[in-house]
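Both complexes below contain chain A, partnered by chain B and then by chain C.
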Partner chain A sequence: MTNENALSVQTERNEKAVIVCPVGRVDGSNVGVLESAIRELLDAGQKTLIFDFEELNYISSAGLRVLLVTARRTQAEGGKALFCGLAEHIAHVFEISGFTNILTICQSRSEALAAL
Partner chain B sequence: MTTSPVRLLVVDDEEDLELLIRQKFRRRIRKGEFDFVFAHNGQEALEKLAENPDIHLVLSDINMPVMDGLALLSKLEDTNPDVQAVIVSAYGDMENIRTAMNRGAFDFVTKPINFDDLEITIEKTLNHIRALETAQEARDRLVVLKRELDVAQQVQMSALPKEIPSSETHDVQALMIPALEVGGDFYDFFPLSDELIGLVIADVSGKGIPAALFTLMTRTLLKGTARDSPSPADCLSRVNDLLAEDNETCIFITLFYGVFDLRDGVFRYSNGGHNPPRLVRSDSRIEEIPPTENLVLGIAPGHEYRNGEVRLAPGDALFLYTDGITEAQNTNDEEFGEERLDTKLASLGQVSARDIVTTVVDEVRAFAGDAPQSDDITCIAMRFAAPLSSSTVDGT
Partner chain C sequence: MNEETLEISLVNDLKEIARVAEHIDEFCASQDIALEVAYAINLALDEILTNTISYGYDDDAPHRIEISVRPEVEALVVVIVDDSAAFDLSNAPTPDTGASLEERPLGGLGLFLVHQMMDSVEYRREGERNIVTLKKNKTGEQRPEDG
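On to the complex of A and B.
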């Protein structure tokens, strides 16, 4: 059972980074969609990613794992992963899990771009 | 791939077909690709099939004495369902051909036989047979995997603590409903001494076998560490270091571990990125166990975990849970949420730990209704009845 319809991943190219916007919900059944979209970008040589979670309704722990792997890989390749646009309940998940301390969280997309 | 020849059965009452077949396919017979077995009527064909269980393709005429080709097809459906038949019939004999197809023939060729066409038909039928065999093997493997998953589930469930009888001082009860055969949640409770009880609840990222392996590993590490150090933070720091070593997959676990002191009601705990448990006061006030602002386990070696402390009075209860409770969805995609949880906990009054967990889980399931369960649901409740007095210690 996959729930691929519940998630689409849109990307926008900026001169400084690629902005990744997951739309919908990321859970165990469709996390592969997000994972392969990210892998495609990184395999193509993209080093810096900004995740804009404006349109993200829900992310499960399986999705958080993919974000960790991405942060680790971009760092290892001399790039960076930033996260912005977190709705209140998603920010809450990041806080409880302690991810706010290990991932770079920005208020907005412009703040994320300025941080690069 | 098999190196032995593919054995085919040819059924025809005309003796010269045998010669013709041997002649036309002589190269493939010599190369060891094909091996033909011959029968002269349906009855004989069934006997040959019984003698040669490796035959999966039958090439059969329709008009034959004793048992004709159509009767043979009917028999094959029952006795040899894995055998595919190609019918040989006179050109224009559409009625018989239709009957043969309806009785399960895979294909047909017409007389006089065009041997190039026959060879293509045989190859096509053999490919079909191989595809069926591959599908069957895949199904068999799935059955084996399913059986192994069932065993894995038994191993996982048997690793959970058995019920402990309630005592004058306290009672503990846990409830877990995995979403898949093997889950990514676990709980544990164990006495560390006559006075101290350890309580654990945890949730691994993801589900299935990888998550199950990670939970078993974490549970074992924590239980081992818990005996060496009375400080929950110390235990989490050590377990985290061990889990984080070479963890390239970034599988992580949120884990809450606390030690309850039956003498004075003090609960010392450390929270590795897990949903904060609830303290249900005897007057039904609900308090969130204050966070220790710590990270999930498994991804940052060297992370220093901190202790927190709350004190329970007799009549107070602790409720530990995983996000399978608060994130349970109903058919309108609404989440159960912390508010509903707290409201339910506040409405319970002085009930046993068993009543706390069953009532909350029943409430969650009633809320979810027909919506599928997407995550493991796990919770533990512990009610503190009375402090351990020296006489109680003497009495045990």
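On to the complex of A and C.
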């Protein structure tokens, strides 16, 4: 379980979008890592982001807030944020939070790419 | 089953939250507690500790926070004791989870999640200390046998 509690953010460029893959856990102590990775992409003019949560073990409300802000900003700038690869427990938190109604959630990365 | 109590002592630093999660995960695995129950407890503890550590102290001194986790027959009982400012989290307001993306308020989600994830949330103040008691039923699916 080494590094299970750390967070790194990997990004992959696709012709349609940038895919953002947080690896590890997002909580109040490290949410800035995710926030600045996203800001960098959006500030560089990227409008469409796909968040692939395949390697995300855990997210708290601090992380959820960043996702909400990101979805708002991409929408306001004429782009989109999509979310895929949610583990069951994370999908449950999205549901409780009402995020399933306001965010675009896909089963897989290929489904998210196809939705663009 | 070994009915031991887990005790964790931490200082008021957000970095401690990941360490708490490690202890909870290990303890729940040793007690054969379902993963979803462990996840719920980690999330509730994280949200409460983040609030306490971020807003509960008006000095720069280090403060101790004590957590205990006690398995009962049907539930896990988590007690958090700290000396931060009095804050009754037993009645958290419900954010508008039906609001649109543009109108959805950004705050208020943390304590809402605590109440949603736990089966009971109680608060009391004793002298200079806050005592928060959480209960989570152990009704999750059994974890798969480890290989």
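General observations
By our rule, the second predicted complex is superposed on the first by the 111 of 116 C-alpha atoms of A that agree within 3 Å, B and C clash if a C-alpha of one lies under 4 Å from a C-alpha of the other, contacts with A are read in each partner's own complex, and residues count from 1 in each chain.
We adopt the following convention: contacts are C-beta pairs under 8 Å (C-beta built on N, C-alpha and C of every residue); 3 or more make two chains touch, one makes a residue touch a chain.
What you see is a predicted model; the values in this text were computed from it and never measured.
Looking at the shared chain after the overlay, A:S97 reaches both chain B and chain C. When the two complexes are overlaid on their common chain A, residue A:Q75 makes contact with chain C while staying clear of chain B. Set side by side, chain B and chain C differ in how many residues of chain A they touch, and the one touching more is C. Of the two partner chains placed around the shared chain by superposition, chain B and chain C are both touched by A:D27. Legend: residue contacts after superposition of the two complexes on their common chain; A:S60 is shown touching both chain B and chain C. Common to the chain B and chain C interfaces on chain A are residues 27-29, 58, 60-62, 64-65, 68-69, 72, 96-98, 101-102. Residues of chain A that touch chain B in their complex: 27-29, 58, 60-62, 64-65, 68-69, 72, 96-99, 101-102.
Contact residues of chain C toward chain A in the complex are 14-15, 17-19, 21-22, 25, 35-36, 39, 42-43, 46-47, 50, 53-54, 95-102, 104, 106, 109-110, 112-113, 116-117.
Interface residues of chain B facing chain A in the complex, by the touch rule stated above, are 184, 203-207, 249-252, 254, 272-276, 291, 293-296, 299-300, 323, 327, 374-375. Remark: chain A residues 1, 4-6, 25, 27-30, 58, 60-62, 64-65, 68-69, 71-72, 75, 88-89, 92-93, 96-98, 101-103 touch chain C in the complex.
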